[in-house]
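Going in written order, the chains are labelled A, B, C, D and E, and every chain counts its residues from 1.
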Amino acid sequence: MRAGLVLGAVWATKKSPALTGQSLLRVRCGETEYLAADLVGAGPGDRVILAFGAAARAGRPDVPVDAAIVAILDETEATHG
Amino acid sequence: MRAGLVLGAVWATKKSPALTGQSLLRVRCGETEYLAADLVGAGPGDRVILAFGAAARAGRPDVPVDAAIVAILDETEATHG
Amino acid sequence: MRAGLVLGAVWATKKSPALTGQSLLRVRCGETEYLAADLVGAGPGDRVILAFGAAARAGRPDVPVDAAIVAILDETEATHG
Amino acid sequence: MRAGLVLGAVWATKKSPALTGQSLLRVRCGETEYLAADLVGAGPGDRVILAFGAAARAGRPDVPVDAAIVAILDETEATHG
Amino acid sequence: MRAGLVLGAVWATKKSPALTGQSLLRVRCGETEYLAADLVGAGPGDRVILAFGAAARAGRPDVPVDAAIVAILDETEATHG
């Protein structure tokens, strides 16, 4: 997984039916911006955990998403080393 | 997923039979150009959502594609932060 | 998927039994060189479509390949934008 | 897999229910920092082996993780070549 | 797949039980060093073929590996173009 910052929402009228009702957020991880399904009610400015690949579809095999927000980060332990 | 810009179409006469009838579009995401199955009728100049890996085959396990256009983007909320 | 240029063949005597009979070609995509199973009879100099991950094993789940040539490109529409 | 250095822990109160009870650690591999499920009781400063994708969910298909610490490295043979 | 150079072995006493008995080698592909399950008896200095993702687990779904050495390269045809 990667830690990321939620930048805002995106909308799409013309889409795969399986995406209907799925909110999608823009999330920056390092230098790259991803679009992710929001599974926990995150919002702009939140630091979140992004899971990629089949992990983003855990329990929902036919939803065409390959990235999902699976948690909102509270704290991060000071870096060791 | 990634946001991308549709650049144009590609054609291939000699191909895996499972690709027959599948339209393929060139899509640029950041610095990289992908070839993606078009699932929503996108065209050159459209800003689209690309899903990668098994998400691109959702419901079609034996089609040899690893990237698909799953939506055409309407709007994007102003960037937070 | 990615577009790539076939550079030549590779051979391996000592290999996983499941690779027996599978021709493998060197293909350059952008800055990276991949080794791919050839499913359509491509040859050096051909511009091809590479599918990655499980898409490369579509219909052949136990063959240990993660990249396959699934088409030989004819034409590419002029770039839009 | 990749070798990585454990930097510390992260916590998330608001998360996918399937992550409950799963400790998550920050691990640096080369230039990139990942968040990984800890399967072997690693701690800050440990050099570990990270497995990605479905390998991180081996035996736990519905846990939304795409990276896991699967071993703590003892020694590494001197580099050949 | 990628071609890579075997650098040496790694050992790990504390590991996922499913890794028991699995020899792991350090393999450099371009600029990146991977740890891979050795399926063909490779050794330091060998040029090998690395398969990634589920291809590395072909026939062994619950082994937490995402990269495996599936062949030792004999020859490579001169580069075309």
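A few remarks follow.
To be clear about the criterion, a contact is a pair of C-beta atoms (placed from the backbone, for glycine too) under 8 Å apart; a residue touches a chain by one contact, two chains touch by 3 or more.
Heads up on the chains, UniProt names are A, B, C, D, E = EutN/CcmL family microcompartment protein.
Note that the structure is predicted; figures quoted are calculated from it, not measured.
Common partners of subunit B and subunit C, by the touch rule above, are absent.
One inter-chain figure worth recording: subunit A and subunit D are separated by 19 Å, centre to centre, where each centre is the mean of the chain's CA atoms. Centre-to-centre separation between subunit C and subunit D, using Cα means, comes to 31 Å. In subunit D, the residues that reach two or more other chains under the touch definition are 53-54, 56.
Taken in ring order from subunit A, whose neighbour in the chosen direction is subunit D, the chains follow as A, D, E, C, B. Against subunit C, in their complex, subunit B makes its touches with residues 5-16, 18-19, 24, 26, 32-36, 44-45, 53-54, 56-57, 61-67.
On the side of subunit C, the complex with subunit B involves touching residues 1-3, 30, 39-41, 49, 51-56, 58-59, 68, 70-81.
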